[in-house]
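The following pair of complexes shares a single chain, chain A, combined with chain B in the former and chain C in the latter.
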Partner chain A sequence: MAALGAPRCLWRCAAAPLGLPRAGRALAGSRGHGQDAGSEADKKESHATKPCFTDEAVQSLLYKMTGLDLQKIFRPLKQELKPPTYKLMTESELAEATRKAIQEAKELLKMSPVLSEREPIDDVLAEDRILEGTETAKYVFTDITYSTPHRERFIVVREPTGVLRKATWEERDRMIQVYFPREGRKLVPPPIFKDENLLTVFREDRHEDILNLCIAQFEPDSANYIRVHHRTYDDIDKHAKYHLLRSTRHFGGMVWYLVNRKKTDGLLIDMIQRNLMDDATCLVSLYHILHPDCQSAKAAKDQVLHGVDLIKVFMKTESNRIGYIELALQAYQEALASSAAL
Partner chain B sequence: MAASRGLVLLRTAAGNLPWLAPLRRLFWAQTAPAASLLRLQHPLLRVFSTEADPATPAEPVAFDTESRFKEKPWEYLETEEYIERYGEKPVWFGYRRNHKGAIPPQKTRKTCIRGKKIAGNPCPVCRDQKLHLDYRNVKLLEQFICSHTGVTFHPTHTGVCMKQYKRLTQAIDKARDHGLLSFRIPWVTLQDEDYSNQHQAVAKTPPAPSLQSQAPWYSWYEWQQPPEKDIARIRKIYKNYLKEETGPA
Partner chain C sequence: MVFFLFQVLVGLIMVHLARLLMKNYHGGHVAIRFALGGCANRPYFRIVAAYNKRARDGKYLEQVGCYDPLPNSHNEKIVGLNIERLKHWIGCGAHVTKPVEKLLGFSGLFPLHPMTITNAERLRKRRALEAPATSQEETPSD
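Let's turn to the complex of A and B:
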């Protein structure tokens, strides 16, 4: 671009080597499955460094825990009503329709990425002091080539002082929304994302709605996205409303957040109370993957435990609410025994 | 003021038809408590007097209800007065527009209140001055949204004037923005984008050498002493016009 002029080509060779030290963090953040170079590097590194959200093992565990309640995923929404359609199907046709529904549900349950917060941009490209006093407003120059990805778009700001700098992340998001508007995204984030209004929303149990709004409005690595998600997860954990997010695409992110901060007790109790033993064992194994140095992980590796024994060992060593978990387990086992007796 | 006009009409109507006096709830006049007080104080004397009413009849000063409900509009929906008037039904229930023919015009009137004049048969929101369309009284706003589809009713359905309808839609949007009203969220899937932030446009660019070394951006921003030869040459040309020697500024 003409504005940047000659000095940029000098920096291109300087900029390339700087990319490498950030590879570890950046690649960990990217979404990829199997074939990408990024996740291969992750698999190699996973023994040495922390496992990532996008690892195959982690993703499979999270999907198992999310569940697949078709009644909840395809529940009727408030929309313009039209008369219902009825179809007469044979058993095989019904099975085929259910299979298609499950496939579509899996698409709808694709988790949104969990990334670390993006680093702020504050690079000065040029300083033309001769322009000081000529203008009273900032000028924003945006590259509006249709084919460039938004993350590769150059957006620069000329200040009234004559300084030419790169636009900050907020300015970037705003300009890209102006020229390439996305559906569901507003130019100015609505006040619903402020902390006091979030409380109103949580009181009405609309956690899934606010998370969907957040995905529509913010980029996954922006500070607001991360803050809203963390507030929502904290509120759910505080009031034990885990069932609100089950069978939605946000459940995986919530479990990841809780396990990273070792706040799994409430979730474990909830799972046991709802007789979801497989999910409970998945949760404990995920905990062991993320914190391989803890006592229960080592004990599980030594003794190769499964099922209820795994949970018991975890409960004794890692959890804070041993009493509640014991009670829940007892109730579960009694219910199991009575149903077996029947 | 609309209040005074209502009171005047009420008094003259009561005067003309004494049997109407006990009927408190005249649809088109607001039921201000002071109106009934005035009627009780001067039941007969005022009715048969021929002199015109004084310039400004007494406004309801005691309660100052309008400003009270302006601050907290949701309180009016719990008062006895509201329940007596509307019951469980929405405020627009039972309102009938006056128009010629079977099919109503597809736009309601532009506004019920122009300056000090009120139109006949004002719309459900204008006829009750205690109803305030505020983004905070969600119960009132919900009455204008269909509970099955989530769509705001068309003004021909509820009978509100266009000005109030515009204020209503603004209040509904503001309530949705503040999280007080629930609505259907558009479903947005995140495309598989590259979030590595390694492209030059968003990654750190090393600053230019002149920025790092605090040198001026263009060399001519600072004073550059010209070479001695050029100075000498110009002095020689303008020898006759030179003033006293002064050093370079």
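Let's turn to the complex of A and C:
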């Protein structure tokens, strides 16, 4: 009764490592670490293909638009009650403390990765039909070696039919959470991420909280993560609640999503109304980087425009709500003129 | 100077005394086996590298995995295996007991155990015999 087939003693060689499908950006489960390492590889890619989220030019534009409102970033989080500490400082010490606060704020503003949806895994390692009917439950085997990165971990499932296959992404996430629990992540995703419950969250204007929960719970390339983020961005765009995400780390992702789908009008109007002219020009230049074939991009390249002219050319050729943007620009210029006169 | 020599002597004696107090196994070997834990009507196994002569649930050298024999809400029996350490102990010459061999055969690390295949075939034959027996019982009852 010899063993069937060749002994598959070391299936590490046979099974290909479960890495990401594109240019191997190894995200070791933590947010934002892959960006710096990946940007060089992406620069070479962007000359041939369309620009990526992690390009330096794109990242710098998004970062400028996010803003740095210290009051909002460091507003009191729900933590244990501690009485406030007061310190007596000289002017130079205060400047030093502000500088450190700005650096910490930059750390907090690191954008979470934007990836395309992961492809489902369905890879069969062995078919032992002789085992059919002997077992009633599946066996899930996880490799709990401490030093392997989670993306390369071997997780296989032996079905009751006798088929030995690689685990699906959901099974992988669940098993990794069982053996290497991460803080803030639950084994079963909470029902708040269902579509009908998301509406309640949006009604209470808690978009930032739900996005933070989403980052803690799901992997950046999972379907749920992408779905929740897209719903949030759509709702913000529908009700023009851009200010909720400004100066948070989700702003960059939102702008990237809107520019990719050419829904930039609402955001542009909002920026002009809040007198953020630099941000508006950043937005238009990002649009031109992403869609270099559109009319306004070509016009901008020919005439080398800056500032308000750039926005005017963009408005005439690309936007749907020309009237609103014109009104907003007019109001801004009148306000400028009156303040200059004063 | 004298005190220093005295300390060295005491150190040497204590090392030899400690060696005598440690458990020595004559002809024993390391085994990778299940150690049962859990509660009443709720078993839970730890896959453990231990000396052969030790108690089943006693002191082990290293825990190398775990196995939950009761299926969870997704009808899965969860097994965790520290492959790196397992390979190390097998490389050091550890013996693997039959249940662990069968489990590792299911996982794909080892080939399928012969008894697994034998039992599967026996079960199949028994079921094949029972099926016509039940059909014969049904026809007289009609």
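Just so it is clear, the second predicted complex is superposed on the first by the 301 of 342 C-alpha atoms of A that agree within 3 Å, B and C clash if a C-alpha of one lies under 4 Å from a C-alpha of the other, contacts with A are read in each partner's own complex, and residues count from 1 in each chain.
FYI, a residue touches a chain if its C-beta (ideal position, glycine included) is under 8 Å from a C-beta of that chain, and two chains touch if they have at least 3 such contacts.
In this text, all values refer to a predicted model and were calculated from it rather than measured experimentally.
Undergrad: I'd like to know which partner A:334 touches here: chain B for first, chain C for second, both or neither.
TA: In the superposition, A:334 touches no partner, neither chain B nor chain C.
Undergrad: Check the contacts made with chain A and report whether chain B or chain C touches more of its residues.
TA: Comparing touch counts on chain A for chain B and chain C gives B.
Undergrad: Looking at A:117 after the superposition, I want to know if it touches chain B, chain C, both of them or none. Which is it: first, second, both, neither?
TA: neither
Undergrad: I'd like to know which partner A:69 touches here: chain B for first, chain C for second, both or neither.
TA: A:69: touches no partner chain.
Undergrad: For A:215, using the defined touch cut-off, is the partner it touches chain B, chain C, both, or neither? Pick first, second, both or neither.
TA: A:215: touches chain B, not chain C.
Undergrad: Between chain B and chain C, whom does A:96 touch in the aligned arrangement: first, second, both, or neither?
TA: Touch status of A:96: no partner.
Undergrad: In the superposed arrangement, which partner chain does A:154 touch: chain B (first), chain C (second), both, or neither?
TA: Both partners, chain B and chain C.
Undergrad: Touching A:191 in the superposition: chain B (first), chain C (second), both, neither?
TA: In the superposed model, A:191 contacts chain B only, not chain C.
Undergrad: Identify the partner contact of A:145: answer first if only chain B is touched, second if only chain C is, both if each is, neither if none is.
TA: second
Undergrad: Between chain B (first) and chain C (second), which, if any, makes contact with A:126: first, second, both or neither?
TA: Both chain B and chain C are touched by A:126.
Undergrad: Jot down the residues of chain A that show up as touching in both complexes, chain B in one and chain C in the other.
TA: 7, 11-12, 125-126, 128, 130, 154
Undergrad: Report the residues of chain A in contact with chain B in the complex, numbered from low to high.
TA: 7, 11-12, 14-15, 18-19, 22, 26-27, 29-31, 38, 77-81, 110, 112-113, 115, 118-119, 121, 123-130, 149-155, 166, 172, 182-185, 190-192, 197-198, 200-201, 204, 206, 209-210, 212-213, 215-216, 220-221
Undergrad: Considering the complex alone, what residue numbers of chain B touch chain A?
TA: 148-151, 177-180, 182-190, 192-208, 211, 216-218, 221
Undergrad: Please name which positions on chain A make contact with chain C in the complex.
TA: Counting only chain A, the residues touching chain C are 1-5, 7-12, 125-126, 128, 130-131, 133-134, 136-147, 154, 156-158, 164, 175, 178-179.
Undergrad: Which residues, counting only chain C, touch chain A once they are in their complex?
TA: Counting only chain C, the residues touching chain A are 65, 71, 75-85, 103, 106-114, 116-121, 123-124, 127.
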